[in-house]
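In this document, chain identifiers A, B, C and D correspond to the written order of the chains, with residue numbering beginning at 1 in each.
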Amino acid sequence: MIGVFRRALGDFIRHRFFHGVCLFTIVLAVFIVSAFALFFINAGDLMAAWQRGVRITAYLEADIEKEQARAAAEAIKQYEGVDTVSYVPREEGFAWLKDQLGPHSSLLSDLKGNPLPDALEISIIRELEDGEVLDRLAEKITGRPEVADVEYARKWLHRFYGIYNLFRITAFVMAGLVFVAIMFIVANTMRLILYSRREEIEITRIIGADEEFIKYPLYLEAAMLGLLGGLGGTGLLYAGYLAVMPKFSSGGLLQFFQVRFIPPELTVFIIISSMLVGWLGCYFTIRRFLRI
Amino acid sequence: MEQNNSELHRQIIHFYRVTKHFGGVYALCDLSFDILKNDFVFITGPSGAGKSTLIKLLYLGERMSDGYAIVDGINLSRISRQQIPMLRRRIGVIFQDFKLIANRTVFQNVALVMEVAGFKSRSLIRERVGDLLELVGLSHQADAYPPTLSGGEKQRAAVARAMVGKPKIILADEPTASLDPAASERVLQLLRAAHARGATIIITTHDRDLLSRFDARAIYLEGGRRVDAAGGEAG
Amino acid sequence: MIGVFRRALGDFIRHRFFHGVCLFTIVLAVFIVSAFALFFINAGDLMAAWQRGVRITAYLEADIEKEQARAAAEAIKQYEGVDTVSYVPREEGFAWLKDQLGPHSSLLSDLKGNPLPDALEISIIRELEDGEVLDRLAEKITGRPEVADVEYARKWLHRFYGIYNLFRITAFVMAGLVFVAIMFIVANTMRLILYSRREEIEITRIIGADEEFIKYPLYLEAAMLGLLGGLGGTGLLYAGYLAVMPKFSSGGLLQFFQVRFIPPELTVFIIISSMLVGWLGCYFTIRRFLRI
Amino acid sequence: MEQNNSELHRQIIHFYRVTKHFGGVYALCDLSFDILKNDFVFITGPSGAGKSTLIKLLYLGERMSDGYAIVDGINLSRISRQQIPMLRRRIGVIFQDFKLIANRTVFQNVALVMEVAGFKSRSLIRERVGDLLELVGLSHQADAYPPTLSGGEKQRAAVARAMVGKPKIILADEPTASLDPAASERVLQLLRAAHARGATIIITTHDRDLLSRFDARAIYLEGGRRVDAAGGEAG
């Protein structure tokens, strides 16, 4: 075991240039993958943040008492997709409407009294992914005896969810493609390392090395290169993140949104994938060389 | 092919109608011979006769195309992949083109044979490799890389590597081609010492001097076939 | 010249495996870059499409004649950032308001007559990038004597532009980073190709080849690999695009939006960059080898 | 170092106190000698004496560390990078380790010298390379790749390559080390023919046979210094 480590280390020193160039490539590859992840995670967050404003207004029947309204609010809170429910007395509703109409609010002053009923404001959980769910929820709320009418920005929300989902699917597909492409790049790099050493491997076999003697240090090297590449690539991204973020924040664009780094679990996943892929690239190439 | 039992027992290499071709090129053709334990045999013949190919078949650097061959009790056409390294560790080869690893020092090249064979003790390895480099006159070059060595120095490094594992069989492919008479003599002494120790020695050469200085059996090849002009006995 | 071509071609054949693996890497690298471009271009389009709805409503003074309104419309049309201007008579405006209020439209039936003035609907060009410009435009319109009041979704739009700009900057930075990273990967690949051939190059020099004899075929090969990689990578993306798009479209997500392939100029740019980078990688590495 | 003018004119190689060291290793030390046009000179000495290093200095494979050297009118310490290829084209080298390009056929390896020298006519190249391969006995291997050649075949391919450019100077580093007597003789005949054509021939060897068969001048090296034991004249 120690021998394997010692030999792997020796190989690193012996093949400085080649390993250096290959490591550089892997670092860049991992950097790209993690930059992708960073981007999509934050874009997703941003869209989710945007969605925070989504709410359904349920106008209650005129004869509903405050107590009944609160009970209804409790019940609705249990529905799928509901985040919070708050009771809005008709006075508040009128003030809000006035506000909404802005310059035309004078229209309302012509009215006798407040024609609005009491209402429940239902805010939706951020994880909701689909306009259909919202529609079903609205229908369910409408079906309640206390509720006279339900209002929400149906068209706008359907469109938002359409785009959101499109974005998510695309992000997923893109991330998958890039991941696969990068995997191949890392694996290719490993192949080139092995290919450049085929003579050395051949000589070692000829003087009596068994497969294990040859394979283990190579596997270890591949995994180490993958590990170093993974650490280097994510480290590079983190350095970039630290360097760029303060400028962004001070720019004022992000007042309402905090860009976050890829979560630790994902970072670890990327680094481990990099190791694994390095090892796999090595594994499949080595089999070619070890046939007699 | 009639042999009495005791001779069969003493055989370490047995070739019967072995053929090796590369595409249409026949490097060895219908070759039969026997080598007994602790033999000292020369293989000779003109350039391209198939001498190195024969060596390659013995250490399984190439697989034979046809025929029947046994080396140290192992049937070369039936050998499994797991057995190959074991056989190779019993054979020390001085390659005609040296086959030194370019980015390992002379010491590391020689030591690798012992590491491969499973020797763990660093000090034992250091000692044995050091001794052998001393014997071939390369002590001062132990830390040099093969590309910086002279032709003769490379050859001597290859000799040291072939001997360090104390193999039962030594295959020496033109072991003195790049050496001056004094260095040649030293290498031959090493081979003789190994022979005295009980090893079987097979040397290819076209150095007439060498042949004449030894009273050893010689197998003559020409165009991949055995042509026993002188001193040889038909296998 | 023909000799250079012939020798470059010979090298391709001689170094099949290595060139193959390297070409594979370049194809993947170009694929990633162009996938990036495809994504950002379409995401940008999508956001721009969203922006299409942006408009300013200018309510006219009560005493403005139709003729005067049309003249004002013509004048406003010349302002920076304005796309179209249309005259909305007070009747249409009332109908619209009614529509907007939806279930509460009964409120309006209590009104005596139509309290709304005539209006101009000003739609904004899609290329507008900044809430400030919109604010200035609104001010300018307010300043006109014919205009009583101006209305637009100021807060929402500022937020939209904030996100849009954030997206654009990020896209730009990301695309730049990925481009640079991929450049390095391609250049590294070229280095490895040269490195694996240093012995051959050395021998050729020793038998009397001058630098030009060695360099030109290598440059040509590098450029060809870059070209093939560029064609391969963009071709792969195009194949993917053709394969995936029909499924997307039938899914209904994209009814309001057509995903387009990266424009031909950008494709050409990517391919040429790939060639150039291949050549550069070769150029800088070769200089190391040609020192004595 | 007194020389009359006509001898100066006839000198093609002039070494004066040339030293070459690699780090602390002195491969050549204070070496002085002259070689005249159309000379036929042997360089000999034990393994590691510096013979190959001397050859390398001549074709500028290495730069000398110290001293003064002229080859075919060019001062080796003053030569510009542009001049190096020109000088090399006037020199044909048979390398001790052959230096054949592994993924080019024998034919392509030999033809490369002519391409490098600027020959455009494919048919001329084909003809001359073909003739030369015939002379060294490799016609049937023209399309083989060097790794598949036997040691002697590689050496003969290297010989063909060194001669195909009809160089003024031929540097042959152990040109017959891997060859049987018959093949050796053929190679020596080629070298003699080049000599007769007017070329200057420099051969390193430790083959005593070879030396004794020629009535040629020999320069003896040992440990990088000139030790003129026999037949040599101090430069």
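Points to keep in mind about this one:
In this section, contacts are C-beta pairs under 8 Å (C-beta built on N, C-alpha and C of every residue); 3 or more make two chains touch, one makes a residue touch a chain.
A quick note: this is a predicted structure, and the numbers were derived from the prediction, not measured.
When the partners of chain C are compared with those of chain D, no chain appears in both lists. Centroid distances from chain D, each centroid being the mean of CA atoms, peak for A. Centres computed as Cα averages put chain B at a distance of 31 Å from chain D. Centre-to-centre, using mean CA coordinates, chain A is 67 Å away from chain D. Per-chain Cα centroids separate chain A from chain B by 63 Å. If you average the Cα atoms of chain A and of chain C, the two centres end up 22 Å apart. Taken pairwise by the contact criterion, the protein chains form one closed cycle in which every chain touches exactly two others.
Chains touching one another form the pairs A-B, A-C, B-D, C-D. Within the complex, the chain D residues that touch chain B are 22, 45-48, 51-53, 96-97, 148, 150-153, 155-156, 173-174, 177-183, 206, 208-209.
Touching chain B in their complex are the following residues of chain A: 3, 7, 10, 14-15, 199-200, 203-211, 213, 292.
Residues 59-61, 63, 81-82, 84-86, 88-89, 91, 93, 99-104, 108, 112-113, 115-117, 120, 161, 165 of chain B touch chain A in their complex.
Those residues of chain A that touch chain C in the shared complex are 17-18, 21-22, 24-25, 28-29, 31-32, 35, 39, 43, 46, 50, 59, 97, 102-104, 106-108, 110-112, 115-116, 149, 151, 159, 162-163, 165-167, 169-170, 173-174, 177-178, 181-182, 184-185, 188-189, 191-192, 195-196, 240, 244, 248, 253-254, 256-257.
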